[in-house]
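Chains: A, B and C, in written order; residue numbering restarts at 1 for each.
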Amino acid sequence: MEDMSQYPLELTGDDIPMVRFMNVTKRYGKLTVLDRLNLDVATGEMVTVIGPSGSGKTTVLRMLMTLETINEGVIYVDGKPLTHMEKNGALVPASPKHLRMMRSQIGMCFQHFNLFPHMTALENCMEGPVQVLGMSKQEARKRSEDLLDLVGMIEKKDQHPSRLSGGQQQRVAIARALAMRPKVMLFDEVTSALDPEVIGEVTNVIRDLVDKHNLTMLMVTHQMGFAKDISDRICFFFDGSIEEQGAPDALFGNPQRERTQQFLSAVKEAG
Amino acid sequence: MGFHWKWDFTWEILPRLLEATLNTLIAAGAGYAIAIVLGLVLALAQRTPYRALTFVVREFVEFIRSTPLILQIFFVFYVGPQFGVRMSPWTSGMIAIGLHYSAYLSEVYRGGLNSVGKGQWEACTALNMTPRQAYTRIIIPQAVPPALAGMGNYLVGIFKDTPMLSVIGVAELMHTANAIGSESYRFLEPYTLVGVIFLAISLPAAGFIRVFETYVRRKLGLK
Amino acid sequence: MSLWEFIATYWPDFLKGTGVTAAQFILATMLAIGIALVAGLMKLSHNAVIRGVSVTYIEIFRGTSLLVQLYWIFFVLPLFGVTLDKFTAGFVAVGMNLGAYGAELVRGGIQSVPKGQWEAAYALSMSPAKRMWRIILPQALVNMLPPWGNLLIELLKNTALVSLISVTDLMFVAKQINGSTFLSAQAFGLALIVYYVFARFIVTPFMRWLEGVMRRKLGRA
């Protein structure tokens, strides 16, 4: 059992990060997927995570979205612990109620969109605000339509996902996630399942978000050019920990570590 | 050759058989209603994180599915009185059929629930929905269309199993045909008519179920 | 009387009843398999008449209740000159009923064999009979086995109905003992357990084993 007293009950100060992973370890049986990860994401920062498969990068996002539990360490969101909660002055594993309270600050977009097939694009976006945030249908509709307009999908608001292309579905998925007004947005390989010609639709939307809004974002992607363009920081993961991280120009242009160099050249060869 | 179809006898007994058919349909409907609800309970009980509950329910469902309905009907009908609980034939019949088919339907529901992709669950978590919201608004609507074919087949199945209730004295179609046969010593017309009536109901019902399934799919916007 | 005392007293009767049930099960299964093969193949015929006969048979036996069919075969068929003793009437009815369901499984299994197999056999100038028997059916069989497993459990459960025309099977024995002793829970409970054991620990493992054998023979293990 880990000694939880080494972790603060909450983060204090003026300059606390929006997201902090502190000594986070994740194991599947004997396999250690993430090993004592320490990662901070500042408010409004856009961090892209790259690395070979099996390096643990998707797991980082999934843990933040509470889709996976962690074995050791603590994750903090906006100063408060996400994976744990305070009880009698100590940190204990979070109850479902605490998780639900904290989870509302995080939004996620998935590789396979995961739109609700039995609802229209508009209904998909309204679902969260109405059911979870308790918004009125009118308010939710207004917010959803604004967001669909933002991602360029307002004309298709009454279509079901089965009538939309992959790129269109992913844009609706982004609008759906934004409708919950999260503080942190997670993008898990959101272009990996798309045909090359529609990848631009989605990356442009994300680019727009970065330019015009102060959302904190964490992205996992194979689109290196895109990542270099819009990220504030790149983290290269290898074998469950951060091998190297830095500003895009620095990491891509002048990788320090051998593994980083190997990965980047392999990716370049693959086009 | 001793067979000679008596038409006047046929018309004579038809009203009585049709009235019994109504009883049969009511019995089937009531049993099905119990089975649909109980089946959902059994299906959801097998998806909880409590291992003991899942195990017990699983074994119970397997036991019911592996043993004859007629035997279960007798069990429910006779065991009650053995321990002092009086039940009408109708009640014990409904309980036995409802229980038996709830086990089948729970399997159909589980198939439907399992067919909903994991990504849908994750999207619900990402939107911070409660499990109840996720189930009722997202998962179950997607689980229903694949389950409909099975649900429809079992409705027809229950209808065809109602003759078993005749052995504990429920006045459904088979029971009435037996009575007519014993009274008049003519079995040809009653039994054949029973067969015809069954076909006349089950065949269109099967067709209707297929149409209904397509309709629901379209209504929910699923392919 | 506790369950153990009950078993100690009545086990010979139950054993005899189980033997009759087992006999009904085996005979009905053999009949069902034969009918299913014939009717299933007929349904795939290019000849509309042959197809029609098969479809009619299948729809009638699937659309009506087994109990009705049983009574019809035992009580009405004699009027047409075909008199069967109750034991025979029993497994014939069950076999013909399950054979109709089996026909659909056979049809489905055969249709699931890739078209390329038919073409390869044709290219080798195989006769239709040889092609079906040596190439198509073995492959169809592997695909069919899981649902056939479920069907056989249904068949086992359906044999209980023959007790209603006084065939002295397990169900009949349980009813008799209940009638004389009123120990309903013990009598019917024990019968339920025997059917359960038969289904879960004999039929199902056997079908799994058969599936494994067929898979290995086809190199698909």
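Everything that follows uses one rule, which is that contacts are C-beta pairs under 8 Å (C-beta built on N, C-alpha and C of every residue); 3 or more make two chains touch, one makes a residue touch a chain.
Please read all numbers here as calculations on a predicted model, not as lab measurements.
The innermost chain, defined by the distance from its C-alpha mean to the mean of all protein C-alpha atoms, is B. Between the chains B-C lie more C-beta contact pairs than between any other two chains.
Averaging C-alpha coordinates per chain places the centre of chain B 21 Å away from that of chain C. Remark: chain A and chain B have CA centroids separated by 47 Å (rounded to whole angstrom).
With centres defined as mean CA coordinates, chain C is found 55 Å away from chain A.
Among all residues of chain C, none touch two or more other chains. For chain B in complex with chain A, the touching residues are 117, 119-120, 122-123, 125-130, 133, 137-138, 141-142, 220-223. The touching residues of chain C, when paired with chain B in their complex, are 59-60, 63-69, 71-72, 75-76, 78-81, 153, 157-161, 163-164, 171, 174-175, 178, 182-185, 188-189, 191-192, 195-196, 199-200.
Interface residues of chain A, counted against chain B in their complex, comprise 65-67, 100, 103-104, 106-108, 110, 112-120, 127-128, 131-132, 160, 162, 176-177, 180. Across the complex, chain C is touched by residues 1-3, 62-63, 65-72, 74-75, 78-79, 81-83, 160-164, 166-167, 174, 178, 181, 187-188, 191-192, 194-195, 198-199, 202-203, 206 of chain B.
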